[in-house]
Amino acid sequence: MKILVTGFMPFGGETVNPAYEAVRRLPAQIAGADIATVEIPVVYKKGPAAVEAAIDAEKPDMVLCVGQAGGRAEITPEFVGINYANFRIPDNEGFQPLSTKLEEDGPDAYFATLPVQAMVDACKEKGVPANVSYSAGTYCCNEVLYELLYALDHRHPGVRGGFVHVPYLDSQAANLKAGTPSMSLARITEGLTAMVAAMVEHEGEDIVSASAGCEH
Amino acid sequence: MKILVTGFMPFGGETVNPAYEAVRRLPAQIAGADIATVEIPVVYKKGPAAVEAAIDAEKPDMVLCVGQAGGRAEITPEFVGINYANFRIPDNEGFQPLSTKLEEDGPDAYFATLPVQAMVDACKEKGVPANVSYSAGTYCCNEVLYELLYALDHRHPGVRGGFVHVPYLDSQAANLKAGTPSMSLARITEGLTAMVAAMVEHEGEDIVSASAGCEH
Amino acid sequence: MKILVTGFMPFGGETVNPAYEAVRRLPAQIAGADIATVEIPVVYKKGPAAVEAAIDAEKPDMVLCVGQAGGRAEITPEFVGINYANFRIPDNEGFQPLSTKLEEDGPDAYFATLPVQAMVDACKEKGVPANVSYSAGTYCCNEVLYELLYALDHRHPGVRGGFVHVPYLDSQAANLKAGTPSMSLARITEGLTAMVAAMVEHEGEDIVSASAGCEH
Amino acid sequence: MKILVTGFMPFGGETVNPAYEAVRRLPAQIAGADIATVEIPVVYKKGPAAVEAAIDAEKPDMVLCVGQAGGRAEITPEFVGINYANFRIPDNEGFQPLSTKLEEDGPDAYFATLPVQAMVDACKEKGVPANVSYSAGTYCCNEVLYELLYALDHRHPGVRGGFVHVPYLDSQAANLKAGTPSMSLARITEGLTAMVAAMVEHEGEDIVSASAGCEH
């Protein structure tokens, strides 16, 4: 099995992005799966294009894109990507799409096709804070998530994919507004490794588990 | 024009729900539209059923459902409802669906069909804090939003709908954890009134405005 | 009995200060006590001087100074003022004292001499969120609190005093960062009125209640 | 030079306290100073007594007490300890003093006698988030800080002292409420080490720097 893991470049004036910093520290194999990593640009349309180019090159079984969600305290797998861009700041090439559909013929949203709850549980078992997120925002991270799922749906049948947001690094937060949560690079890397292992272990499980049922 | 506005009953041990308290104080007419209001139960499947029964009875042109999002500081129209239930607490009849699809044949999500940004702008112009929200959670509020949009899509063509979350009342927060944000009933009612007026004024506008375009 | 209540002018680029807006709306009498109000400048040394000038003019039995603590969700009586100024922004005349003692011969801190817990309880009973605060910061609010208590200690024996922070108004927060808590002017005024009534009812009580004792 | 560093035992149902976990990992020497460490109980009066017993035994030049402030995102040296106890939960032996003075003949507060701003700066330079705090609360941490400064003032002339709060460990936060900030044990230990080095380097500096002056 092969898993492609992508990480964003720095953006918004930062000189580092914890996403790719952690991604490039992942081991070459996790739970028996080969890990391929790639850095992608924080640029409208070019980010998703870089992901798909890597899919074409690596032929992975699963794809996990990783980005920074400054201000969050936990590692958060995203449940859903939406067909919408509304950038609060320009991307790294100065584009700022506002209130725009990502794909004219796409559905309003796609659920990730990874076992997000199992990923969260595996991360917490390692003592690294994690939680499922139900909004990836309206910037490049959501764009890459939605476009990944659109591409998998249309052009890569059988490949599963999703997105994980990671907090600021401690070293970033040390220079930011008082009270900004953060995480060490070591723990982010450890958490992502645990999440990828859970992807392997729970391979093929749907994000919505019909078996969970209804308690009464 | 007629607008149906629904508000949830109290739940989770509270004796009051700011949603219906504000909804029942709305004027009979807003911006020339007739306002019909109804209180709905915080019960799986019964909440959405009550909304649709009111649609059948009132034949509205637009539907706005209102619920409480304890902990938020602002009035927040929801952008999207997702096909997923994962109740963190049981509903008012003791049901607690976990990791369940709401509609087996439904899409992963529906965007609301109300002009959410215009609603936010109108509310802020009155000096009442507001913001677009991109997650309605996984409890009864999201259920009612998704099922409303599913029902409109399948059975009520031309009717538009959406959901707005309101903060705790000051009187609720006074007895809760230190630092819990809240709003007065008067301001919530004023904000909802402004939002309904914006719904009338911007009637027929899509939630995603193609004209917004891409700045460079 | 006479109570002097002071409120700060706007500062930091704001055009309104909820403190004086609420103070000037207080009734002329509360719980049988006459209320005198005055607006004071957000200026190093001139703020405290204006408070003491009003004390000399009004001869009050108690003094309550009121200021804005943007970002807090509740009305918060301050427990303690510290002998320290470290302004994060310049005052309204451009002074910015850094890491400076307010009074060379003063103690490190003074406790307020008002019944802060009873004030909080009275406010909550009206359904207005409130809590005791243990830090008034290091800007003009703490300066006025410390200098008030220093002045009462040295020059106005028998007069009691303290400070209350109030949140942003809703109309301020509507134009600020998403998630900023706020309160309506009506509720702030109602809460302050309840707090002043508690000051009258609990007149002469120490801020530290020896009777509270030690549970085991 | 010798520095005594104390850390609290677990409390409030936790099985670990990041304070002592980090303290016991400090190197034996920091910036040329010998480091003595001791674990102290989260018990009214017994905590301060254990600190003073260690002072008597170790004869340190400076004392730094360390405790956990669950919910904070940064390592925070405390500026001031207040003569007040109001425990929100019972201590580890079931005592819960409420609205009580710690020392009948003590001043309302003592400033720490450590260079807190230099400690914060040194910590941030290592990429570990830090900030000065102006309230140590009203539980055992403030009690130990106030009683330490009272003891130094009365019985150990020339010895300097203060208190630092540290965040939850990642492994604690992983099992707590969503959004709870935390820090890794490695970073907490690194941050404390940098702070102790700054204590040595800035030995003898007052917490209020008269030289900072007033910008205009």
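Observations
Just so it is clear, A, B, C and D label the chains in written order, and each chain counts residues from 1 on its own.
In this text, a residue touches a chain if its C-beta (ideal position, glycine included) is under 8 Å from a C-beta of that chain, and two chains touch if they have at least 3 such contacts.
The UniProt protein names, listed by chain, are A, B, C, D = Pyrrolidone-carboxylate peptidase.
The shown structure was predicted, so the numbers you read here are calculated from the model rather than taken from an experiment.
Taken together, chain B and chain C share no touching chain.
Averaging C-alpha coordinates per chain places the centre of chain B 47 Å away from that of chain D. Look at where the CA atoms of chain A average out and do the same for chain D: the two points lie 38 Å apart.
Note: centroid distance chain A to chain B, computed from Cα atoms, is 29 Å.
Shown here, the protein chains touch around one cycle, each chain meeting exactly two partners. Listing the residues of chain C that touch chain D in their complex gives 44, 79-80, 82-84, 86, 90, 94-101, 107-111, 117, 133-135, 137-138, 208-210, 212-216.
Residues 72-74, 123-124, 127-131, 169-171, 173-175, 178-184, 186-187 of chain C are the ones that touch chain B when the two sit in their complex.
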